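Common to both upcoming complexes is subunit A, partnered first by subunit B, then by subunit C.
Moving on, here comes the complex of A and B:
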């Protein structure tokens, strides 16, 4: 692992040196921030809390075209994935989510789309200095400077960014930009520890997950699910904004004589999510769907991959239209155990 | 005006104790900070959780049609008791419009009216007074808002935080109610609808560009549809797969198809409660679109949604002597 320093004045040049690759970075959109492609010659400012929509689409786009074909033709065209991409300034929680989801996409078979995109993508994180209102990463195995899933981490040290690479891709990026960088010393590494330690102290909300994965099956018929889901609108906000939610549907779509097979995000909160052809739905109401969302993150995923599929980014709680609060839900689960 | 919480809770406890009432939907303190959550109150004791304050932005009328109809076990009777609902002025218009459309029956619901001096814009509040984990309260205090947090009271000028929908509100007092919780509030001077004026000031190409940029952000979570008290089709055009009217693909074309379908299905039906815009995680200014359509319907057809329970639904009425002079 190498640690380097980048003076913030050289940040625009650093971004410029990535030319030729697609650069995704958080950009202002009214009051909110969102990940978007950086226009040539621009250098995004990274002083933001977090984006509303997570950057998961960089590896798992909301709509992935798997193949294209035309009516009357037997030719099938598969889009080639060859765009090298750099995601700049994603938060450690979002990178960690990508590592968690990767376990599934590399499980029984390597998912060609996710794995290919991951190979083509360099993830450059930015450690959190100001955790948001509903951040609880440190309660679920992460932290403001977690490096899991990242190729490189940047830490804001005031005048400089401290750059640390953890993978070949990260090292390659440091090598490409070495003219702009200086070697970091112990002073800066100590400074980093302080900055990260301070950030950890600022995390306001905590979740106690002990016993939750083991206890969830016993709460299958517990009245708590009725209580939690009573106000649920059944929209996809919590799942679409969740960096670890990875359910998808595959559909064929047509436009005139052109057709495409697409894989798109799906949401377990939608009522047609597990609808069978017969019309039967094993999750007929929002009670079962809410139970599924929590069980998938805090139960099934732990059974299968030994990690909670929630990184504590707080988005579902921030933006739920009716204040369904995952921290409170887990507290209620604990209480019911 | 001051809302007497004791009175509210006492009334709610009485209503929810009635034999013909199944549960009551009102507002309660949320899980942290300024958050307010919908409360489903099933007994008199539960009524102690209820609040009514400038933080109660949500329109709970959506729960009248959102409630799931579960199969009734053999040998049991369906529970057809009433639902009690707390409404502000704008929310009451949703109830009226549902009655007009026969989406609900008048006997299905006990309407508890809360005259409303205007609620806050939560984004503005959080921006100026950052959120905290400990609970905060708000009150109306004469012309101002009063924020009560950590034992401290902060007076905030009404204009600083008032939600856009309230600046434009012509109906702060519930139009329909079985029980009115307080005296009517006086209506206030209306702000200009700058959002709609901005749209009207653009030519066709500029408008297309503006909405293209907005719809491009849409992630199709359908929170705008689900939160809307007037989007209650059992079988929504957006969910149909055979035929697929709107593809699931998230791109400009499909997003536009969705947003136009949503807006037009609400023309002459939207009661301008602003919930769609409030909940949109992509910050799309849906209110401008809805209010523009509402204004068109008002100007051209003299119809306003949700103000007259006896009205005929605008999109479903027919007159043989309709001049139809706009048909080419």
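Moving on, here comes the complex of A and C:
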């Protein structure tokens, strides 16, 4: 592992040195921040809390073209995926989410798109200094400077960023930009520990998951599911904005003579998600769909991959239109155990 | 892109089409060189017609048929409707096979009781054909098959003639209500199973049909003292990828497209009943 320092004044140059790759960084989009491609010569400042939409789209785009074809022709064309990409400044929770989702996308059979994109992508994280009001990463296995899923982590030390590389791709990025960097010393590493420790102290919300994965099956018929889903509108915001939600639909779309098969984010909170063509629906109401969502994240995923599929980013709680709070839901699960 | 993209279909050709019932057709499909892939009874495949879309269907032919794959398809949705309008020679997309298939080895030496309802005969037919092709491996075969009306029974001549003539095999047909000219049983499949009073000794029951039929067949078998490990069913689920990624076909922690669609009742009893 190498640790280097980048003076913030050199940040624009650092970003410029990545020219040739697609660079994604958080940028203002209306009243929210969103990961978007950095225009040539630009170097967006990384002064943000977190993006509204997680950067999962870098590896799992909201809509991915699988095939292109033309009406009336049997010729199909497969899009090439060869764009090297750097995601700059994603939060450790979102990077952890990518590592968690990768377990599924690499389970049994590799998902061709996710795995290819991950190979082409370097994930450069930015440690959190000011956690959001509904952040609870430290309760679910993460932390403000968690490195899981990251190729490199940046820590804001005031005048400088501390850059630590954990993978070959991270090391390669340090090598590419070495003219701008200085070796970091013990002083900076200690400074990092303080900054990260302070950030951990600022995480106000906690969730106690002990016994939850094992206990969930016993709560299958518990009235709590009715209670926690009573106000749910089934809008799907919680799942679209969840960095670990990875469900997708596959559809053919036509525009004039051009058509494509694509896959797009889907949501287990929609009734059509599981509805059979006959109209029979194994999860007919929001009660069953909410129960599945919580069981999937805090039960099934633990069963299968030994990790909770929630990274505590707080987005589902922040943005739920009817204020359903996942921490409160898990608290009620705990209470019912 | 990586060398083999498991989510992309290969080209297949429609050989011919049989109209089974007013809303069910059987398509015979061949790949570029014979079968598009090898498979086991009970496995499924994704069929697609661009730019309409893709949907999953069980393979109804037996793997011992080396000529083509057969799919019995009910005209109920967007893709199935498009598949009802194909003509011989037309190209479609196919990928698979998906799922675990029936435990043909564990079933060896047993008597077999097949219970099918409507289009639910489709996956059973693959296994029935397989068992007939390996007749010496299996004991007595009983086939209970029902539909709403005589016109809704699929593979009629095969069921009533070929199957009924197989050695040590009985075929029991039923329809939901009286129809002119119908001289076989009248009544729902689960009731008929109870009435026939099958004995569970050394027998495996394999059932597929509409969810409501499966539910009552399982109850009927329980009353006949079949134990959960003697009962096998194959589930239908909405599926998009077929490879355990898209998320929607889960029964608790298992994916029906990977760990299913074939389950023993013993396995199902350990999973949430969300099917």
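Note that the second predicted complex is superposed on the first by the 336 of 337 C-alpha atoms of A that agree within 3 Å, B and C clash if a C-alpha of one lies under 4 Å from a C-alpha of the other, contacts with A are read in each partner's own complex, and residues count from 1 in each chain.
Convention: a residue touches a chain if its C-beta (ideal position, glycine included) is under 8 Å from a C-beta of that chain, and two chains touch if they have at least 3 such contacts.
Since the structure is predicted, the reported quantities are computational estimates derived from the model, not experimental observations.
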Partners on subunit A (subunit B, subunit C) - clash or fit: fit
Which of subunit B and subunit C A:32 touches, first, second, both or neither: first
First (subunit B), second (subunit C), both or neither touched by A:230: first
Inter-chain angle, subunit B to subunit C through the CA centre of subunit A, in degrees rounded to a multiple of 10: 90
Contacts of A:264 with subunit B and subunit C, given as first, second, both or neither: first
Partner chain in contact with A:251 - subunit B first, subunit C second, else both or neither: both
Contacts of A:300 with subunit B and subunit C, given as first, second, both or neither: second
Which superposed partner A:289 touches (first subunit B, second subunit C, both, neither): neither
Which superposed partner A:323 touches (first subunit B, second subunit C, both, neither): first
Which of subunit B and subunit C A:117 touches, first, second, both or neither: neither
Distance in angstrom between the closest Cα atoms of subunit C and subunit B, superposition on A: 5
Touching both subunit C and subunit B, counted on subunit A across the two superposed complexes: 249, 251, 253, 260
Touching residues (chain side subunit B, partner subunit A) in the complex: 30-33, 35-38, 40, 58, 62-63, 66, 68, 70, 123, 127, 130-133, 217, 219-223, 225-227, 239, 241, 244, 247-251, 253, 275, 278-279, 281-283
Residue numbers on subunit C that touch subunit A, as the complex places them: 1-2, 4-8, 11, 48, 50-55, 76-77, 80, 91, 210-211, 236-238, 240-241, 243-250, 252-253, 258, 272, 274-275
List of subunit A residues in touch with subunit C within their complex: 66-67, 69, 71, 74, 76, 78-81, 104-105, 107-113, 115-116, 217, 220, 246-254, 259-261, 263, 266, 268, 273-278, 280, 282-283, 288, 292, 295-296, 299-300, 303-304
Touch list for subunit A against partner subunit B, complex: 29-32, 34, 52-53, 62-63, 133-134, 204-205, 230-231, 233-237, 240-241, 249, 251, 253, 255, 260, 262, 264-265, 267, 270-272, 284-286, 317, 319, 321-325, 327-328
